[in-house]
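Dropping the structures in below, format is structure tokens.
One chain, chain A, links the two complexes that follow: it is found with chain B in the first and with chain C in the second.
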Partner chain A sequence: MRIETSVRAVASPAAPPLSRPKGLWALLVIVVAMAALPLIASTYTLTLMVPFFGFAIALLGFNLLFGYTGLLSFGHAMFLGVGAYATAVLTSKLGVRSFELVLLTAIAVSALIALPVGYLCVRYTRIFFGMLTLAFGMLFHSILFKFYGLTGGDQGMRVVRPLLFGMDSAGGKTAFLTGPFYYYALGLLAVLGFVMWRIVRSPFGLHLQAIRENAQKASYLGVQVSRTRLAAFVISAIYGAVGGAILAVSIGLADPEMVYWTQSGNLVFMAVLGGSGSFVGPVIGGLAFVLLHDSVMAATQYWRFVMGAILVLLVIFFPRGIAGIAGDVVARFRKGS
Partner chain B sequence: MAALLAAHGVSKSYGAFQALRDVSLSISDGEFISIVGPNGAGKSTLVHVLTGLLKPTAGHVHFHGANIAGIGPVELARRGMARGFQLVNIFPALTVRETLAVAAASRLKRIANPFRSLTRDREVRADVEEVADIFNLRHRLDQPASALSQGEKKLLDVASAFALKPQLILIDEPTSGVSTGDKHSIMELLVTAARKAGVRGIIQVEHDMDLVARYSDRIIALQGGAVLANEPPATFFRDPALIAAVVGTRPPSVPHKSAAEARPC
Partner chain C sequence: MTVFLDVLLGGVFHAAILFLVAAGLQLVFGVQKIVNLACGSFYALGAYFGITAVGFAAQLGLPSILVLPVLILAGLAIGLVGLPVERVLRTIYNRDESYQLLITFGFLLMFQDVFRFFWGATPRTLDNAYLVYGTAEFLGVQVPTYNLLVIAASIAIALGLGLFLQRTRMGRIIRATAENRNMTEAMGVDSNRIFAAVFTVGCMLGTVGGALVVPASASSLDMAVELVVEAFAVVVIGGLGSMRGALAGALIVGLIRAAAIMVLPEAEILSIYVVVIAVLILRPAGLFGRAVA
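On to the complex of A and B.
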């Protein structure tokens, strides 16, 4: 019964992300593919990829909360907004064009907002957490409209092209977005992806998963439930703000639409589409969403209907998302070989 | 010898209903105490009060001489008290290794830095494997808790409490819902584990009189929230009226020390 080593080598079915490094490999594959994409893809495709990088970063944060901690936020677009409006205010109102400074500001502001908001929200779970975050998201959206003079209300707020590492670039907007900014945003995704990988595989990340699985039991094993949840909330807000800053630059605008609750819904959609149960799933979901959105919108005016139908089918037939399907395919392939 | 844990005149009411009446008890170094009593006698309530989950309506509970009323589970764990639950209480999707690592990581204070590697943490790993060895869970280390058998789940619940390296451990019916054969092996493991892990005291709630007779140093019988008896098994099992009161509505077993020893396990 106890021939440990041999049994252990064979028996490790469906291990969660923590025990296997495949999530990092998958992320690396995506990053390398994206780095090579400018060699083959059209300019149009490349302009689609920049928002994908923004969403991917935001989704890595979103999923720390959703997939790992078990808290489904319906207000996460708020933090996209924090990043976007920080970018707009700094570049167009305050004349600060260094994107590094913009990012640092976005990070600081999002953390400052996430602390009190998170402090209130993480005391609740399930639908109550979702409703509270939704409410805060709506509140934030309405505040944007209240301060029309600063934020431009529904007009949004222009974003001036930022300096990357202090350097301006020649050429038009498209050249900037598909050239230097493309690689800059991709680099951010790679770095923040690696950092998130470290986080989810740390003892802290393990405590998050223990909280998701059984908060009461976790507390008796010394897990500081509220404090750990709050830390996850703040980290995910920071990732959201960085993603939002990238989105704002790619659109050239801090758009109130980006903060609206439907955008929070899109984040949930992307995470579920890709599979919130795996590390890289939401990133894949972000890519799939951007491509789907683009092609479905080009093909039919009923794109919302088509996207909704896809979500329904997915939840019913493939609850583990694209990453889950891919995992099954890989597993079957391995078994066959 | 100073008591590890002591309750003085503890009462607990749920609204108008009094679940515990003036309960006093203490456990000292090296003791294995069983709490017995019919359904609804207040056993779980007593465990909740002893572990600070519930505040007593009157009286107080001291652990290492300090009042523990309302200190909360995290602080309790830090001070060296751990508990298991009456119903199976696990992290279904986490592997056995991860489950044990949750406790080891809190005990070794690994949480402040969210970038710290868990997989390369030798101390956590050693802790985890030590506890897994004690509870015969080593061959299960990389399987999700949900894939374990019922008995193994109970074991994992208890093992994770042991991974805190507590001085005192309280377990509410460690063998409930487990087949008779497994019950004995769980008990054996518990006692061995306590010895190996340096646990200084065990308080368990147990219905199975065979197990109680066999493993306890002292038996505390509750009835209607009050202490009916507090004595070693040798005297406890000499009193048929007491046994009848404790077994309550449950089918009578053969709570006889020699009989228990004759039973194969």
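On to the complex of A and C.
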């Protein structure tokens, strides 16, 4: 009994058979539902959804490393920070307000940082990979935190409202976030989600899964293990930076708190909550986390305790997350009928 | 010269505390193979409970000279909280490391609010209780005697732990379990009991560390998450699972931090991570660790 659960947890079944694009359908359902949400939901709910889009994009990247390659990064919030600070520096210091330019810069900078960091990190796996990424993340945090002149220190840096496709929008911040920016971020999630879907289904994505299952065997079969891992690291960093840029705009601020290691822990929490073994699981986890976080925080000031307890119970009883539970329910239903 | 001695004494004091927490982390990693993020919470728990215990002792009318033994006893007592925590962790010993790391992260979050609930959000201090021991002069530098006592206590605990693990029957069984759990079980060792005992001792090292630090600095809600990364730095530098590594790592981190505060305050935290990354790149197993795959 115990052995069975352990096997399930270790070798999380990431890819369903190639012929069935279940994950893509699930993502499409989420995107369509989110597109229709402004018709029924309150403004408050909509302002919650914008950070969710940011997290969802970052999580898609995070899970390329965690779920597909088997590398647990405990410093992934670093790349959220890269995106957020790129947005802040460009919009408030350099006066570049085009969000497309901001995104391109965030992508370029995150790739530039991820290359050397990833090169050093992917030589290790398991707990050492996690610790090294944590160290790099905290290194970045301490730079942001201590060098007031460059980064504003613990005050953070203000983010000026960006132009979307060169257009400014009328109205206040909330109108911007729940209007044009909502759809813009959702569009990014849809596009980047589709790209990620193609990545995990490509020979490259299959290489990653082969590395996760057995790196030695994969390398005997001609997979360039380190190089492939590095590529996954860089791609996941880019997704993190794009997510961070969206987060920064929705908060209106880039601050070091976003890079602290507990934020990286939250990303892992979200991925496991949704189910890191499936393509769309982390996105579901991001949504569940944002909603859960909001409702628990509204209910009690001791929300950390509740979230921590949920995490403990989740790890013990449902290590495959929401997507895993859903999969089991569907399987039982099929068997029964 | 005095600056150098200041750095040395401040660094060694910090290292003495760090060593206790890191030794707990190492012990648990060595035997249970779990990297315990909640070690920071145990440290903070010891600090908060230490303040309460000293307050209670003062109400009982105990002389304030007893503050050190009261703190150590308080740390040992509250360290028993490790027993129920281990009972929960027991369910996931066979799982992947990422889940083990994550469950201890859950405990860390829960403990944050336990502190907030019992002790509130404002930092708590012991109003310079350590001055009761006066200050000593050490080669022309003034140091609180309390700091020297803590360093001595930490060395004593390190020696005691080393003797216990190397020389006693129980210590041998613990080391054997760390080496090969199935084999020791086959030889009749109840490894569940060993695990519970080891985790509780690991937890106690953290709580005693926290209790000892509290006369010299405030206890706050941030101390748990901040200490985790420092303790991580110590074990990475020293090598996961190695006690000698914890000692070396704690000294390195403590001294670097003390020196950086003196020379370049901006680089206080930065310098630690630079060393961590350098060690991981040059010697991934740490200074005293075993080679890893």
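Rule of thumb we're sticking to: the second predicted complex is superposed on the first by the 316 of 337 C-alpha atoms of A that agree within 3 Å, B and C clash if a C-alpha of one lies under 4 Å from a C-alpha of the other, contacts with A are read in each partner's own complex, and residues count from 1 in each chain.
Definition applied: contacts are C-beta pairs under 8 Å (C-beta built on N, C-alpha and C of every residue); 3 or more make two chains touch, one makes a residue touch a chain.
Note that the structure is a prediction, hence the values are computed from the model and not measured.
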item: Which of chain B and chain C A:201 touches, first, second, both or neither; value: first
item: First (chain B), second (chain C), both or neither touched by A:272; value: second
item: Partner chain(s) touched by A:221 [first = chain B, second = chain C, both, neither]; value: first
item: Which of chain B and chain C A:74 touches, first, second, both or neither; value: second
item: Partner chain(s) touched by A:308 [first = chain B, second = chain C, both, neither]; value: second
item: More chain A residues in contact - chain B or chain C; value: C
item: Touching partner for A:235 - first (chain B), second (chain C), both, neither; value: first
item: Touched partner set for A:25, first chain B, second chain C, both or neither; value: neither
item: Touching partner for A:319 - first (chain B), second (chain C), both, neither; value: second
item: Common interface positions of chain A, toward chain B and toward chain C; value: 2-3
item: Complex contact set, residues of chain A against chain B; value: 1-4, 7-8, 11-16, 18-19, 195, 198-199, 201-207, 209-210, 213-214, 216-224, 228, 231, 235
item: Interfacial residue positions of chain C with respect to chain A in the complex; value: 35, 37, 88, 91-92, 94-99, 101-103, 105-114, 116-117, 225, 228-229, 232-233, 236, 240, 265-270, 273-274, 276-277, 280-281, 284, 292-293
item: Complex contact set, residues of chain A against chain C; value: 2-3, 5-6, 9-10, 66, 72, 74, 120, 123-128, 130-132, 134-136, 138-139, 142-143, 145-147, 260-262, 265, 268-269, 272, 301-305, 307-312, 315-316, 319
item: Touch list for chain B against partner chain A, complex; value: 72-74, 76-78, 82-83, 85, 89-95, 97-99, 101-103, 105-107, 110-111, 113-119, 121, 124, 136, 138-139, 141-144, 147, 157, 160-161, 163-164
